[in-house]
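Consider the two complexes below, in which chain A is the common component and chain B and chain C are the respective partners.
Entry: the complex of A and B
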């Protein structure tokens, strides 16, 4: 198992009197090589969940295990941080060097990787995210999508087994979003990297193997995206949504059209409408 | 005329190897009552453009007339920037990052205070603005902004702008980074502000389906030029060209185009989800000789029918009918704090 959470609770202490459980008694297993999409409204606990995965936060109770290593085990924490790469929301906060290849080399350099090996890794990582031609460029003038792909390359150079994208597409334009998503899927497919993609965009969850919906620190739904989107009423109640096309099918159904069920994308919506019209 | 822009051009780092043209001969008139959407991909010049309207960037060439102020490349006469910024309210991307005061009320008061208004007037405006964005004044005024949720913080930031009672409001990516519910709340707020606060609104967004929800006119920036300036219903005749520029077109337009390619022509002028529902139902009635109600279709994610009322209005409604849902965000209570605040 790539990721195992056993009865994990994480509490923020406000003061002596108040505390909030951001994650409540959560148990979960993620198989190696899975592409997981994780959604939930602001404050549902998903970012806390992400930070628990590589020991940035330690559980108040319960245990988080990455490939069998517990984040509570001080001897294993560096191994865990190597295994779980994180890319965050703001593309401008994740660059440290003024030249692209130096930025990507930062991680392996700090791990004491051999010079030759670093060179290989930087090349590999940059080509994986489609940025090799920019290796001598400065990251500061790049588009948001390019910066996030560069951030992913920086993580890849550490050779992680799990890639966590914590709302990494939130600040990007549609083009940047699809670039990042494409790279994440390729890494999952071609290199077997387990991806945990945290997002507010429901349509980004469609191609995931598994969709986990968090609400109030717990798992509200966990299944194939298609199956989860059938629960649109409940999803609305917990301040989420379904893909636009699904909402369209539901709206037409309410007027009296026989839309069937399970429409999640444009192709299926158009197909159904062609049959009806 | 609120805003007239003539022959505006701007180049970053002019005369250096990093020289980059951002705007080239921009001509645009923004009319009173416009609900204007601005689209264009990253780097197309739209942000540089709106920074001009707020006086953050001085024109290098061309001129801008804003209400009765004139911005030109000349050094003199000096423009009264305070007057400019109180008539054009600017809500930047992620405005909640700019909250700084230790209470919500103080933060919202910062703008009107700096306009030199008497303290009673400031207080009155603060209360109004906070309620206008759908927050409960008594519940939030003494709270630290950082204790609120992401969507609530953003609304506080917007309250800080509308407390200056601008005649025109510019919002840059107002819903970026919010969850679907938070997005809907902000979109509803913007519509509300159009009728109750500032009659002219400009919104920049990457999400075309969001823009088509309210804009009556859309301006498209591409490669430092304005390439289209059209009524919302007309713009997507240029779908193919827009897509070539790397811009999204509304999902309803995509569906209509795909249907047309397969021999089902629902006609032109379909832009929003509601348009599509209507057209589909009408066609269905035609084909199946049924009489389903074309106007019964709604594309509502959430019910916000009464979300944006003042306390007084809400009380009146509550007295009228006790069963209806309260409009103001009641999720803020002094005892509970959102998850965001502890990070």
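Entry: the complex of A and C
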């Protein structure tokens, strides 16, 4: 198991008297090599969940284990951070150096990797995200998608087994979002990296192996994306929208068309409509 | 390396740009010290000539370099005047009475003032060549290498270097953000550019507060990102880039050392062998003695 959470609760202390449980008694297992999409509305606890994974936050109760190492074990924390690479929301706030290749080299340099190997890793990571030609550039004038791919490269150079994208697509335009998603799926397919993609765009979860919907610090749904989408009414209650194609199919069904179920994208919708014609 | 839109860096390719940043910093330090050992006008002229050649080789336009001295012109003139008024040694040329205060203006005073001004401009010009031809990133990297010995007395050189490089990285972002906030406040009717100095400062408050808030938020996120990328994971931090000295770096260094040697010879050797002309308490120094003697001879010939 790549990631195991056992009865994890995390509370923020507002003051002496008031506490807020951002994550409540959460138990979860994620198998190595899966692509997990974690969707939730603002304040559902999904970002807290992300930070629990690499020990940036420690559980108030319960335990988070990454490949068997608990985040509560102070000696293992760097091993965990080496295993769990994390990319954050704002690409501008996670770059350290003014030159692309220096920034990517930062992680392995921290780990004391040999110079020749750092060079190899930087080249590998940059070519994985399709940014090798920009290695001598400065990230300042790049597009959001490019910057975020660069941030992924910076994390890849540490050679993580799990890649956590903590709302990494939230600030990007549609093109940037699809660039980042494409890279994440490739890493999952080609290199067997477990990906945990945290987002509030339901349609980004479509191609995931597993979709976890969080609400109020707990898991509301957990399953294959198509299965979860069937609960569109309950999803609506927790302020999440299924892809518009699914919604369209549902609306058409309501007015009497035989749409079947499980339509999630444009192709399927078009095909179904053509069949009906 | 491009798009570096801040600092003084002048992005062209040249032999001077290409010199190793460590060597450039060392040369500049050595230069700043040796400027204080320049005594004769001949040596001043020589060093000015040297700087002119260096600037020509660096492909940075003279006008751009001279601009760096423009801002300091006031300070330059001010120190020169102070020097003229408060040097009492030398042969008096003029006496000014201000109330009970007697101020002697002497030839030596003017001599000191002129030399001080020359020294000052040499310092500014020389050090600005460093910043014109070296990117801020190269500078921080080089400083980290040069200051490495300080780690033995437990100064966290690497952390300081990281702080510097992060600061440099965030300058363009923060400038952009300041612009945005200013526009946002203007859009709400803020009046940022009229009124006197104090009013303007007060008007900047609604710009500074959001800027600070956002800077702290950025810092917070950056701290998480540093942690997530295993910052401090190992005591044995490695470096991808190593500075390797090229033969051209060494040549530059030795050319410069030769100049320093000449400056010292001028100060200490010439005076020791050639007697200084007797001009009362006014001192003629270094190679200027030869020039003075030469001028005397020419004068005798003409007369």
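Here, the second predicted complex is superposed on the first by the 277 of 277 C-alpha atoms of A that agree within 3 Å, B and C clash if a C-alpha of one lies under 4 Å from a C-alpha of the other, contacts with A are read in each partner's own complex, and residues count from 1 in each chain.
Quick note on the criterion: a contact is a pair of C-beta atoms (placed from the backbone, for glycine too) under 8 Å apart; a residue touches a chain by one contact, two chains touch by 3 or more.
Since we're looking at a predicted model, the values are computed, not measured.
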Practice prompt. State whether A:244 touches chain B only (first), chain C only (second), both chains, or neither.
Written response: first
Discussion item. Which partner chains sit in contact with A:138 here, chain B, chain C, both or neither? Use first/second/both/neither.
Written reply: second
Discussion item. Once chain A of both complexes is superposed, is A:167 in touch with chain B (first), chain C (second), both, or neither?
Written reply: first
Discussion item. Touch test for A:58: chain B only (first), chain C only (second), both, or neither?
Written reply: neither
Fill in: First (chain B), second (chain C), both or neither touched by A:206
neither
Item to complete: State whether A:72 touches chain B only (first), chain C only (second), both chains, or neither.
Response: neither
Practice prompt. Scan A:252 for contacts with chain B and chain C and give back first, second, both or neither.
Written response: first
Worksheet item: So, does A:81 touch the first partner chain B, the second partner chain C, both, or neither?
Response: second
Item to complete: Could you give the residue numbers on chain A that contact chain B in one complex and chain C in the other?
Response: 89
Worksheet item: How about chain A: which of its residues touch chain B in the complex?
Response: 12, 14, 18, 20, 22, 40-45, 47-48, 89, 143-144, 167, 170-171, 173-176, 200, 202, 236, 239-241, 244-245, 247-248, 251-252, 254-257, 266, 269-270, 273-274, 276-277
Worksheet item: Touching chain A in the complex: which residues of chain B?
Response: 41-43, 149-151, 176-182, 206-207, 209, 246, 248, 251, 254-255, 258-259, 262, 264, 266, 273, 276-277, 280-281, 283-284, 287, 290, 292-293, 296-299, 301-302, 335-340, 342-343
Fill in: Touching residues (chain side chain A, partner chain C) in the complex
51, 54, 56, 78, 81-82, 85-86, 88-90, 92-99, 101-102, 105-115, 118-119, 122, 136-138, 140-141, 154-155, 158
Discussion item. Which residues of chain C touch chain A once you look at their complex with the stated criterion?
Written reply: 1-5, 136-137, 162, 165-166, 168-169, 172-173, 218, 221-222, 224-242
